[in-house]
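Shared between the two complexes below is chain A, which pairs with chain B and chain C, respectively.
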Partner chain A sequence: MAFSAGIVLLGIGLVAIAIRRDLVIKLLALGLANAGSILCLVAIGDRPEARVPICAVCRDAVYADPLPQALVLSAIVINFAILALALVFVMRLVEHYHSTDSRRIEGLVQRDLREGGRS
Partner chain B sequence: MSRGSRLFHLLVIVSTGCVVLLVLLAFHSETPETAPYGTYVDRSVEETGATNRVAGVYLNYRLYDSLLEVLVFFVAVLGVRHYLGTRERAEIPTLAESEVVRTSAALLFPLALLLGVYLATLGQISPGGGFGAGAVAASGVLLASIALGIDAIERRLRRTTIERIERGALLVFLLLTLLPLPLGRPAMSDLLPKGSPGAVLSGGAIPLYNTLIALKVLAGSWLILRSFVRHRGEI
Partner chain C sequence: MIVVVLPLSHFVLGLFCYAGKRAARALAAVGWCLGAALTVFLMLETRDGSTVTVVLGGWSPGLGIELRFDAFAAVFFPLVLLLELAVILYVRKDDHRPLFYALLQFLLGAVFALLLTQDLFNTYVILELLTLVSFLLVGYERRPAQIWASLKYLVLASIGMSLFLIGIAVVYRHTGTLNLHLLADALSSSGDARWVALAGALLTAGVAVKAGLFTFSLWLPAAHSEAPSAISALLSGLVIKMGIVVFLRLSQLFPLELTLQVLGAATALLGAVYAAYAIDLKRMLAFSTLSQIGYLVLGMAIGTPAAIVGVLGYAVAHGLFKGLLFLAAGEASAVVGSGQFRDLAARRAEIPNATVGALLIGTLGIVALPPLAGFAAKAVLLTSHPGPFIMAVFALTSVGTTFAFSKLLPVFRFRREPKRKSARLAAYSVLSTPILFFIPLAAAAFPGLRLSPSAWPLLVLESVGAIAVGVLLHRLTERRAPRLPGSIFFLEESTLAILIGLLLVYALLRG
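On to the complex of A and B.
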């Protein structure tokens, strides 16, 4: 159940990254896709009636798989780093072109390139 | 946009989605008794000395994972500071916060730092770890800078000191992973004694790595936050 929800979230995020034109919405969608993949990873590590994988004495219990949880840790940190860096790029673009519309910015960049080539 | 390129975009989206779905389903349909699960759950406590098996996985078996993670974080901090550091404003006006906010921030700031220390040093026996600890401590510093103004915080936490802490933590981390090589052991192997699982001093080098990662994440997050604030001119 949680696994399917994660896949749905991941799909919504990926489609939104591809088809929405606003750069900030694209970054929000990236965060959504990241949350979906984290949900998938946690669901993969789950076992029926599993315990938290922190226990020294209870030997015979069923534990959740610690490996996907360790991967989730990486995913969270990398997502934070990527979002911060991408936001900086969006800020620079907005300062220069006064727009967050990716297609409009692309047109302005093309125009700048043509003018730069001519002069 | 022309019809053909729209169709092409749709095709790319659908095929990417199919591949991701296939990979995830293939991973999900594995039986629970496959090797990594059994290895990590049954043997990690004896082999790493850490009762927190997740910490055992990411700071012992898969230390390279955490190492590259720290490097990616370092590159992101460098990028943010490079692209935002050109026009910094010297004076940031403090918001006129009420007495309630200032008092509660002064009360909660040391508690957040204490929680960060707890999460970093006891990550081997309880839920926690360096990344979470660094994030908690950095949000404590952010809270204090919202209440007291970023200039007051920067008078105590100088930027050059924070930068030195960030680079120093990364350097010590890298040297620690290479230290086993001159001693004739494979790189990234754990040199410290394991200790008895469940004790405060257990898990070999895991508390050391957690503390270093916490320092690194605290310094890096604070550098990112202060770059945004200085660039924007308000907090």
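On to the complex of A and C.
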């Protein structure tokens, strides 16, 4: 169930990146897609009637698999870093081109390259 | 112990690079010496074909992360060291901020770590680290075109890694382990085709984004051509090869032959066509990287041990000559003030002879003139009995590569020049030497390597023939250059291409 929800989130994110032209929305969609993949990873640690794997005395109880949860921590931190850096770069682009429209920026970049050559 | 120190030392040195410019330069040299010493030690240790293995944290191999210095690592470590040395020498006189050196160290540390790790999730983390560091390095000079190229790279690579992560989830769900060796056993015993295909498709798609495969890596031409030249050399020579290494490891787990064949052929041909009609030197080199990656992946699709040796050899050879080409192209375009072939040819007199010499050696290497690096590696691949389809794509790619590099012919004119020395000569010679003497050096480093001498005259003929056809075609069609569509490299189209590619790979794996 949660696994499918993760896939759906990922799908929504990817489609939004592909069709929305605003860079900030694209990055939000990227965050959504990444969250979806993380949800998938958490979901596979689940077992029927499992409890949270935090315990002082772990006996006779069913606990969720702790390994995916450990992996998820790294993935969350990485995705946070990616979004933060991407936003900084979007900021620089906006300062220069005064637009967050990806098509427009692509066109302006191409024009700059044609005119200026490479320095 | 050493396999832990080697990657980690680069990260620690990288942190100290912030102390200042001088310190950063000194630390870069220290890092290289340390890396070289440890690599030599490890290679001597494993000379008899054994491996050095460490499981971190004292866990059992199923739980802990396993680091292993194996044959792949032994092949790639010398390449890493050569490129590292060349780049350090190349940027020696430039005024780079400490951040540049710090990122350089992180990049190399991550490359070492990826070559050693035998854990799927660790691979994911290191690939993400490579993405982040190369993203910062591509945009290092802060030109808007660079920032845009690196942003596209980051978004697409992040999408790819999301797919990779879900692939990891599927694999872990069904096997309960992430160690590559334990996975190989688990996958061969439990053969439910449905989830194996799903996991294989997701992991393949994720790595393909990083490795430069069509339809997944449409970020590559912009990022590799816009990056500062020293960084382009590392990206094209090294970082992209890390995707190939992960592919090599994955192809031992999943039945990827057909997938690799289709993706490899598409990448090789698309890259060759775009390279043939590029008007800018660095952009042409970036497209050529795409086509060479396709070549490598096709070699992988042959699947025999001999072909794997050929793939490893060609990956190293390509790293050497593409690194050299990017470094020399960077200096040439900086001197002329433009990277377009037209301007380079018109203002040839301003480019130092050493730079053009480096370009020439790199070109001869990549078009596989015997007996340089490109030819030696291709010879191994061609003698590993590829099928007729793969053989045809190989031939077309070779011709296409020569065709594309023929545009440099007007630049290759040498006359005596007044005393004007290139400051980058040291960097060029570090990479030129192994290109020129690839066969004896490879034989010395890997005594087990054998080339079958009986096929050599035929291979030489083939190679020279491909070069001749390529140059001739270029001469005949010089005046007519079609405009190829550029919109597939936009962010939106590239995202869609990843989705389509994912479905294609899944269909191929379900067969």
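Operating definition for what follows: the second predicted complex is superposed on the first by the 115 of 119 C-alpha atoms of A that agree within 3 Å, B and C clash if a C-alpha of one lies under 4 Å from a C-alpha of the other, contacts with A are read in each partner's own complex, and residues count from 1 in each chain.
Criterion: a contact is a pair of C-beta atoms (placed from the backbone, for glycine too) under 8 Å apart; a residue touches a chain by one contact, two chains touch by 3 or more.
The model shown is predicted, which means the values in this text are computed figures rather than measured ones.
Once the two complexes are laid over each other on the shared chain, residue contacts for A:L67 go to chain B and to chain C alike.
In the superposition on chain A, no contact is made by A:R51 with either chain B or chain C.
Between chain B and chain C, it is C that contacts the larger number of residues in chain A. When the two structures are aligned on the shared chain, A:N79 is found in touch with chain C, with no touch to chain B. In the superposition on chain A, A:K26 contacts chain C only, with no contact to chain B. Residue contacts after overlaying the shared chain place A:Y97 against chain C, while chain B stays out of touching range. Using the contact criterion defined above for the overlaid structures, shared-chain residue A:I38 touches chain C, although it does not reach chain B. In the superposition on chain A, contact of A:D112 is made with chain C only, not with chain B. Once both structures are placed on chain A, chain A residues 3, 7, 10, 14, 18-19, 40, 44, 67, 71, 74, 78, 81-82, 85, 89, 92 are touched by chain B and, in the other complex, by chain C.
Contact residues on chain C toward chain A in their complex (touch as defined above): 63, 121, 124-125, 128-129, 131-132, 135-136, 139, 142, 144-145, 147-148, 150-151, 154-155, 158-159, 162-163, 165-166, 168-170, 172-173, 280, 282, 333-334, 337-340, 343, 486, 490-492, 495-496, 498-499.
Those residues of chain A whose C-beta lies close enough to touch chain B in the complex are 3, 7, 10-11, 14-15, 18-19, 40, 44, 47, 52-56, 63, 65-67, 69-71, 73-74, 76-78, 80-82, 84-85, 88-89, 91-92.
Against chain C, the residues of chain A that register as touching in their complex are 3, 6-7, 10, 14, 17-19, 21, 23, 26-27, 30, 33-34, 36-38, 40-41, 43-44, 67-68, 71, 74-75, 78-79, 81-82, 85-86, 89-90, 92-93, 96-97, 102-103, 105-106, 108-110, 112-113, 117-119.
Chain contact summary for the complex, chain B toward chain A: residues 9, 12-13, 16-17, 20-21, 24, 27-28, 32, 36-37, 40-41, 44-45, 51-54, 56-58, 62, 65-66, 69, 72-73, 75-77, 79-80, 83-84, 125-127, 129, 131, 197-198, 217, 221, 224, 231.
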